[in-house]
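Just so it is clear, A, B, C and D label the chains in written order, and each chain counts residues from 1 on its own.
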Amino acid sequence: MANTKYQYVKHFEEDERILLNTYFVVRIDGKGFHKFAEAHHFEKPNDIRALELMNRVAAEILKSYGDCVLAIGESDEYSFVFKRKTTLFNRRKTKILTTIVSQFTAMYVFYWAEYMPVPMQYPPSFDGRIVIYPSYQNIRDYISWRQADTHINNLYNTAFWALVLKGNETETAAEAILRGTLSKDKNELLFSRFGINYNNEPEFFKKGSVVIREKRDLILKRMEEKPDTISLSLTKEQVAALSEGSYETVVLHCDVIRDSPFWEEHPDLLD
Amino acid sequence: MANTKYQYVKHFEEDERILLNTYFVVRIDGKGFHKFAEAHHFEKPNDIRALELMNRVAAEILKSYGDCVLAIGESDEYSFVFKRKTTLFNRRKTKILTTIVSQFTAMYVFYWAEYMPVPMQYPPSFDGRIVIYPSYQNIRDYISWRQADTHINNLYNTAFWALVLKGNETETAAEAILRGTLSKDKNELLFSRFGINYNNEPEFFKKGSVVIREKRDLILKRMEEKPDTISLSLTKEQVAALSEGSYETVVLHCDVIRDSPFWEEHPDLLD
Amino acid sequence: MANTKYQYVKHFEEDERILLNTYFVVRIDGKGFHKFAEAHHFEKPNDIRALELMNRVAAEILKSYGDCVLAIGESDEYSFVFKRKTTLFNRRKTKILTTIVSQFTAMYVFYWAEYMPVPMQYPPSFDGRIVIYPSYQNIRDYISWRQADTHINNLYNTAFWALVLKGNETETAAEAILRGTLSKDKNELLFSRFGINYNNEPEFFKKGSVVIREKRDLILKRMEEKPDTISLSLTKEQVAALSEGSYETVVLHCDVIRDSPFWEEHPDLLD
Amino acid sequence: MANTKYQYVKHFEEDERILLNTYFVVRIDGKGFHKFAEAHHFEKPNDIRALELMNRVAAEILKSYGDCVLAIGESDEYSFVFKRKTTLFNRRKTKILTTIVSQFTAMYVFYWAEYMPVPMQYPPSFDGRIVIYPSYQNIRDYISWRQADTHINNLYNTAFWALVLKGNETETAAEAILRGTLSKDKNELLFSRFGINYNNEPEFFKKGSVVIREKRDLILKRMEEKPDTISLSLTKEQVAALSEGSYETVVLHCDVIRDSPFWEEHPDLLD
């Protein structure tokens, strides 16, 4: 029963490499998370604990891949951005993709109980894809695309669930009310009917989450000036105690579309 | 903050399809399972509970994909074979691969506690690949390749761990003793030094595991004639109570290299 | 001015292989041949000399690639079918494709004057593609597809140019007359209006051209029984003088859709 | 004989697109040109007429593709560089590649007699590939790589053929003499043994050929200051008669590795 006779089947394997000198994104999406969220009673429009679980997993991924320089997430989705010079797994596309999808999934299940109040009813799953971007502007635009999407979704969901949960509308009615409305209409509806000023909603929900490594001094400044734009398990004192010039992986909820201040504060993030 | 300006980045996405009318395999491999096995005190050379966990996950995958007709596994690896006519996810390669890798991982973590006596210390991960085979002979040879590999590995591991655990050899010494030996040498060593007749080792370990849907009557016959070649949570009586002609997903430990009896008993399995 | 500093650019090259154990077709199509045909006064509906030039080029290609077992052509298009076991250029897709496209083009220009009565006015060009087929039935269906296409096109063109050249219709009027007609309508129109029995049209035009290597005895039989289904520069006597069992590259105009007689006479052609 | 039954075979076709926003090169190489050059008595080390034929073909390609901004060639090889924003053939890789390879080949045969003193003995062929470069620096380095290669090859060939044609060495002996030598050794050998100052060799041979569209005034300046760095069928007077600001496709033999003067004079060439 030697296997030499059958080993030829190995030659049918392919090993595609990601084009050199390009940025790429590993984007992970929950499969059937509408149903999964219902089965686990996720709060609407945003379940803070479920989001924190996603952020925890994303931060762990970032920590384990030095060449993953930024992750951006919302809802059941996360995008991991890699440096254009990375040689991770020799840039083997399938190896990179499947490894990260698997690690993400494993951690989501593994850390579930640390964050969620109910036991996991059944195993969730995620699919993933790799998208390649050749230029700095392209990858910036990708990041902007995801954050603009977060804004649009969150405004919609905030209005929708206000109508359902506070306005006693059916889901069908809420959908009909919002159909065709513009951003300003939804802002107006939230304010006039529910007294909600959308601008005052948490940055966490409005901006989604951005995971990066940030320098101690920038973290401290942020904790002082805009504490709602950062989620970090460390206290200000603990951060201050870090050594000069050290970096910490942080989850931010700040604008990453405009150049200022984020990209000016992190000029080398993408190279 | 409309996202229309950035949506162009979606056009960088690719969507490769698997060539029509070909068989394909999704093969999943544990990453760093040597260390993972040690951290969780897996028994050597085979941890029956860890293998049963792998088999449980594989069986669940098979149950959820009608077009996955056979899975074959050993150790921390599993291969899922799909019908050549499947239109699963429109044959989108990345979608199929990442979904199955993610489901496999999620279930491995989720069902862990049902099988393993120690808590999971840290989340494991798997990588995956898709390999395409154009002909019936090719896919049969792939299956044979994996089972021949199981034989080779298990014989080696049985001898290696006999030397270490019963023979008081160091791992280095055991390796040196086995270096360059043929199958018959390992058989002889097992017998002369440890009184182990390798042929009497469990079929489960010698053949690995093969998951298929099998007809009630074949299952009953197997349970009567070769009960060590099947793992099934149902009793003979429960199987007998199934309706005439019905199929059940079973884990087998039988030869799938020779035509007879396996392939003669399942002539339509691969089409 | 050493080039070592720049050689890294070579690593951006890719080298895709054609999946092992699959048939593949190199299909070549004339670019802008409507205009090219007009500029060179091709006869309508079929210019026999231009077709013979195409056939000559195809035959030369077949002769230079032992693993190219059949070519099928019509109008300004030719498909070259390769054996599933071929290792030509190590199955490098781009190498195979570009080499054959280039050879085809070069020979078309080079042999032009041997066939055509007018000098070439400007250089023509062809594009090409490779299509992979995993099964015998698939490749047979590909061949049938091209011949069925020849039938459809030739019937249409015969009717169209009869209307224009013999019926004094404008091209626009001829198009309008044929719009929506079925095969039998076109047959009927040809017969009633022009006294043309389409069945009596040359096999060359009705079937297109199929280039294969054929055994001496089969060639002789064909020359005797159905001389209109073969184009060959050799006389019957010259063929008879070939050694027993020898093969000759021939251009046929016979049915390759039905099993009988073509595929029964050439049972091993595709293997 | 409807073809609907067979049309499914069309679904086996693939249509790969070139990643958006990347430069790409179509590189064409002569196949078996060593033999082809001998059969047509090409002069050694450089046959000016054969090179002018290559340049003519390259210039015609450049003229027919507005998005092809530069071509660089030597010997039997040519590289065509496309703008990163091009949408040529919807960026379909195979369509772009095969079309250009075919056009190149057709023109090479078609224009042969305008340049070469002997009739073409047999049709030559070329293979081709597409290489994708994501950044400005990468594409500049590609261009530098080809020109550095020209330098190395031409210095070698100049020395080799001096030894053979003027030094009465056999080809084997010439090869042995040059084995392991550095550039300065070859320069020294040319000077000491044959009185050849390599620096005084024609720019045409030392730099190879670069085809671009150049502004009238730059052309005029070049014709006056460095006439040996340009090949153009127009006279200075004809160029001067062109309208202000107009562009002409020219063949240059100048340095394209250093920034100055070429890239400073053509700052927008690659965008």
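Here is the rule we use: a residue touches a chain if its C-beta (ideal position, glycine included) is under 8 Å from a C-beta of that chain, and two chains touch if they have at least 3 such contacts.
Values in this document were obtained by computation on a predicted structure and should not be read as measured data.
Enquirer: Which contact partners do chain A and chain D have in common?
Expert: Both-contact set = B, C.
Enquirer: Measuring centre to centre with C-alpha atoms, which chain is farthest from chain B?
Expert: Using the mean of the C-alpha atoms as each chain's centre, the farthest one from chain B is D.
Enquirer: Could you state the distance in Å from the CA-based centre of chain A to that of chain C?
Expert: About 55 Å separates the centre of chain A from that of chain C.
Enquirer: What's the distance between the Cα centroids of chain B and chain C, rounded to whole Å?
Expert: Between these chains, centre-to-centre, one finds 48 Å.
Enquirer: If you average the Cα atoms of chain A and of chain B to get two centres, how far apart are those centres in Å?
Expert: About 33 Å, centre to centre.
Enquirer: What residues in chain C touch two or more of the other chains?
Expert: Residues 12, 14, 19-21, 132-133, 138 of chain C touch two or more partner chains.
Enquirer: Which stretch or stretches of chain A touch chain D in the complex?
Expert: Within the complex, chain A contacts chain D at residues 19-22, 84, 132-135, 138.
Enquirer: Using the touch definition up top, name the residues of chain C that touch chain A in the complex.
Expert: 11-12, 14, 17, 19-21
Enquirer: Show which residues of chain B lie in contact with chain A when the two form their complex.
Expert: Result: residues 1-3, 5-10, 12-14, 31, 94-95, 97-99, 101-111, 120, 122-133, 138, 141-142, 144-145, 148-149, 151-152, 183, 257 of chain B touch chain A.
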